[in-house]
Amino acid sequence: MTEYSTVEARLYASIALVRRAEEVISEIYPSDKIKSPVHLAIGQEYIAAAVIDHLRGSDYASGTYRGHGVYLAKGGDLNSMMAELYGKKTGCAQGRAGSMHLVEAGKGVIGMSAVVGTGIPVAVGHALAIKQQRRNDVVVAFMGDGSTEEGCFSESINFAALHKLPILFVVENNRLAIHEPLHKRWAADTLTERVATYGIPATRFLEPDVLAIHEHVGKVIDDMRTEAGPAFIECHTHRWYEHVGPCEDYDQGYRSLEEGEQWRAKDVYVTLGQSLDEKEKAQIDQDIEASIQAAVEFAEQSPFPAAEELYNYVYA
Amino acid sequence: MTEYSTVEARLYASIALVRRAEEVISEIYPSDKIKSPVHLAIGQEYIAAAVIDHLRGSDYASGTYRGHGVYLAKGGDLNSMMAELYGKKTGCAQGRAGSMHLVEAGKGVIGMSAVVGTGIPVAVGHALAIKQQRRNDVVVAFMGDGSTEEGCFSESINFAALHKLPILFVVENNRLAIHEPLHKRWAADTLTERVATYGIPATRFLEPDVLAIHEHVGKVIDDMRTEAGPAFIECHTHRWYEHVGPCEDYDQGYRSLEEGEQWRAKDVYVTLGQSLDEKEKAQIDQDIEASIQAAVEFAEQSPFPAAEELYNYVYA
Amino acid sequence: MSTPNTSRLLKYFDALREGAEQAMDADSSVFMMGLDIDDHKGIQGSTKGLVDKFGPERVFTTPLSEDAMTGVAIGAAMAGQRPIHVHIRMDFLMLCMNQLVNIAAKSHYMYGGTVQVPLVIRTMIGKSWGQGAQHSQGLHSMFAHVPGMKVVAPSNAYDAKGLTMQAVRDNNPVLIMEHRLLYGTEAYVPEEPYTVEFGKARVLREGNDLTIVGVSNMVMEAMRAAELLAEQGIEAEVIDPVTISPLDFDTIEASVNKTGKLLVVDNAWLNCGFSAEIVARVAESENISLKPAVKRMGFAPTTCPTTPSLEDAFYPNPKTIAITAYQLASGKQDWVPADDQCQLAYQTQFKGPF
Amino acid sequence: MSTPNTSRLLKYFDALREGAEQAMDADSSVFMMGLDIDDHKGIQGSTKGLVDKFGPERVFTTPLSEDAMTGVAIGAAMAGQRPIHVHIRMDFLMLCMNQLVNIAAKSHYMYGGTVQVPLVIRTMIGKSWGQGAQHSQGLHSMFAHVPGMKVVAPSNAYDAKGLTMQAVRDNNPVLIMEHRLLYGTEAYVPEEPYTVEFGKARVLREGNDLTIVGVSNMVMEAMRAAELLAEQGIEAEVIDPVTISPLDFDTIEASVNKTGKLLVVDNAWLNCGFSAEIVARVAESENISLKPAVKRMGFAPTTCPTTPSLEDAFYPNPKTIAITAYQLASGKQDWVPADDQCQLAYQTQFKGPF
């Protein structure tokens, strides 16, 4: 694995990989080679990067249909991901999953679900298994603000807190579910306070302060490895692109460009990049471009699964 | 309708009717005439009595499979209830419902469900209809502590608060779900605090202080009729009998008789009764005995539905 | 002046919208709720503009809380409103099965006829472009299995509007199963309000050689297959059940009695499905004396994969339907339609309800 | 020294418990969760004592959160554990359909074979004494409909233990459908661990006059009916499919080929149900040349009422099964078993697996 001179460099490398991979996906998309609904995380990548930086290979991370960032940060293979988006046999799920259901069991990437919220209890189940197996691994479950409206969110937090399971819940609160703003869905903007009533540490980050998140989560996860039980963070953030698809959509009227610009001015990809040693940054960028280029070529050249394979893997 | 000289007398009459009706049900039960699982509310009746005292005929109340008290307090017909328990054609649901699914639409008794928690959003739906129909009626939804663990509880509170619906949520927290104590199900005993985070008034009553509950709910419901939005109360209480069936079960080891005795010493049925004018109390008691006797006779003498009726009411 | 009835072509999604709009015009107790129905996309156009016309009290999005929201819709229906609850995918109904199966379907019966639940559930089946495992399921048989529910499946714009309007009038929970790939199809749709009767199948094409029953989008695929078959001299009778429950079995029975052969093409898995029900009723029928040749097609018995190379094999299509029907009708295996012919079949627009 | 295998009678609930206990003895990754499994009643005895033996980390109750708890069980299974999740009624599974249908059944496929979900769901069908609308449903066809799920239905204590042990070993989600009225029935159950194979039906009684397939508790009812029929000279072949999915259709097909007549008695509604599937496969079978006389029985197409006077008419019973079978087998309607005979039939204890 690449060694970086600073935490900043490491986080930048993680963020930049996702940013650039998704930008390339967005460029390829109009060619119709990727026949999969892509939910880009551009602008939000720093959260997964900051959190997952503290995880080991045997830890687990779960994400959603907006999961490229979680997948890559947790060590998912870029080639497998790109091939999966292309529907190729060499994809991480042999073309059965597409962008919405990324998985990499060997790296602790829990399979992602496109039914909002359903990944949350599944992640808790992994934490239960860790406890039963007396491992000191942890689980991080990433989710959107919308998913916290599903009943299984409350059920999952209660159970995890009740059994003191090693799981960190991370809400990426981009204040949108598709095009619906928070105020049409939440009675009160008090999610963190609500979760705190379960008796677990719950912290809100209003700003994209990647180093603050990184530092906080480091402590939380250390505690978790010594049986402190679950924790929760809520990170306000901003989705730059449309809900699904390769474009921006500030012109659609459901949100303002001003809000977008405020967030973009604080783009962690840029600010963190600027803080790096220039040479190191250049090297990182160059490696990333090369790996993305290789992944696209890998995906393009890989074969599609044959029709007969349809019947594989129905039962284990 | 009977006039009572005081609030206390009115509440006592409501409580005593449920207490005595359930005691009689418990006596009849071993005869196997009531082939329906009965979940007695003995010891908890004061909550429904105190709350529903503030409701009008056009308001709604919803309860659970432990619903005799809610049904009777809201004006459900005792004869129809008893006949329903007997499975008779003259029952409130013509023998299709039994004890677990009492209903009396004409009196605003929402049909009760035996799948825990499912009645909560249905009650919220009634509140939505009230708002859409521009009525100034209200809904009260009664539920157990266990039901608050179901995801639909959180979903329902959020929606009711978001839309400022006229509904009071009442949790009868007897600290048991069947035989499972609270500490095996709740991460923290902070339900009221949690509900308060939705931005609605939430109040906990640790003691069976029927007059305090009565007074508080009176204000809350007045506010609700003038569009204050939903509210919540949690009443700690004690279930005297077994979860389902006609007996006590302190000998089963899952809870202590001591705890039971502490609650029984505060039995509202007794204490409130003692505070009444003796003559008035005697009259109330006499009327109740007569009406229960009449209901039992009514139920016994009513016919069973004929087998052909099985096919009625599948579709409206 | 309005255009004469029969001359107006309307798209399926527009017909869904118009049906709801006219139902809401006619009855102020009708309202619509569901995730994203009020945004600028308006459920692929099928709810577009309704919030502007009727306001946010009658047309509103919900939190992501399918379970409770279904309970809310049920409660509102019990209290005299007529909700239309919209879900963008049928797969998500699995989150509110409890309310649908244990409350909506049962209340009228369980409460001795004293309560009604006039609830409409609109729900769409997805297909292709990587919809995959969780955005593609046709789960109608689960609902048809439960007494108290009604399930309808418009295969064209005419039925989309007429069934919507009938569903809103019905005093029971009615599930409308729509299909994403039908959204862009056109049919002649009257401008004025009308209803399509429940429990009345439609014979879309007459024929003596075999009966093909298609469900939802598979009606279209079957019609295309029938064209390919016609070129081989095989005349298929194509039946659209229109409503899954109640089912007009008589029409199917009469057809099978005539053709002696039945192919059911469902938009779902076969096992314990609606296709099994149709075949079982044919088998039980005392009006059908000879053993008919019967066959079912539907989703492959697998989860739905995302990649096109597998997904193509997952669904019946005009080619596979035609091949199967040909074998069933002729007993022979000597014909496979050419791929370019099958492509051509795909260009046919059926201006339903035929 | 242990009692020889075949001489030990065990009750169904004890067999369920013993199966789980031996599975937990053999494999420390097996654990059990579910509402009320650790209380003094222990799910009508079927989980009794397990918490004392294995401790609260391997045997624990849950909050009332069926949806999330199912997700938790699935997640634990993905991470290498083998959970047994117990529900006291099948009706409550409607709350966790999403996790079961959209995650448990699909994960192995959707994730390209990289993930397994060795999850056992134990669930009981209720009946009588006012169980009513929401405590009585046999919803197996909904699960059998979905590829990736397995569904088994032990009709006797022997299968209760053997299927439990096989389910725990299986690497897929397996739903065990139990029946409350079977809990007290006894069968000869070996003391040592054993498994009952999935996809292997059992011919419980041979006969040439008609085939009766019974599901779950209806196997017992069918056996009783068969005794009544035998007195009329009609020999019914009674088949217990044992597992609903996978289904051993060959055994049924062979029997129908022999008898030419089929009665399926399901413990569920008929419409789009498992009974339809069996009949449809018979109708499709190319090995069965003549049109067999077929008939389905099951729940009446109504919600389940609580009062005995209606509930009696809701379910098939030995009398109605015998009457239907008699008509099917003889073509005649000239016999109805006397009520006292039917009562007698109820006193027969079948010491399965026969």
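Chains: A, B, C and D, in written order; residue numbering restarts at 1 for each.
The rule is simple: a contact is a pair of C-beta atoms (placed from the backbone, for glycine too) under 8 Å apart; a residue touches a chain by one contact, two chains touch by 3 or more.
Note that the structure is a prediction, hence the values are computed from the model and not measured.
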item	value
Mutual neighbours - chains that touch chain C and chain D alike	A, B
Farthest chain relative to chain C (centres taken as mean CA coordinates)	B
Rounded Å distance, chain B centre to chain D centre (Cα mean)	36
Inter-chain centre distance, chain A versus chain B - centres from mean C-alpha coordinates, in Å	46
Averaged-CA centre spacing for the pair chain D and chain A, given as whole angstrom	42
In chain C, residues with contacts to at least two other chains	62-63, 65, 67-68, 91-92, 94-95, 98, 102, 109-110, 132-134, 147-148, 301-303, 305
Where chain B touches two or more other chains, by residue	91, 95-97, 101, 113, 115, 149-152, 155, 158-159, 162, 184-186, 314
Category of the chain touch graph - line, ring, star, complete, other	complete
Residues of chain D that touch chain A when the two form their complex	29, 31, 57-58, 62-63, 65, 67-81, 98-99, 102-103, 107-118, 147-148, 150, 171-172
Residue ranges of chain A in contact with chain D within the complex	60, 91-97, 101, 103-106, 110-111, 113, 115, 118, 120-133, 151-152, 155-156, 158-159, 162, 312-316
Of all residues in chain A, those that touch chain B in their complex	149-155, 157-162, 184-188, 190, 193-194, 197-200
Of chain C, residues touching chain A in the complex	35-36, 39-41, 60-68, 91-92, 94-95, 128-135, 300-303, 305-310, 312-314
Chain A residues touching chain C - in the complex, by the definition given at the top	35-37, 87-88, 91, 95-101, 113-117, 146-147, 149-151, 177-180, 184-186, 252-254, 304-307, 309-311, 314
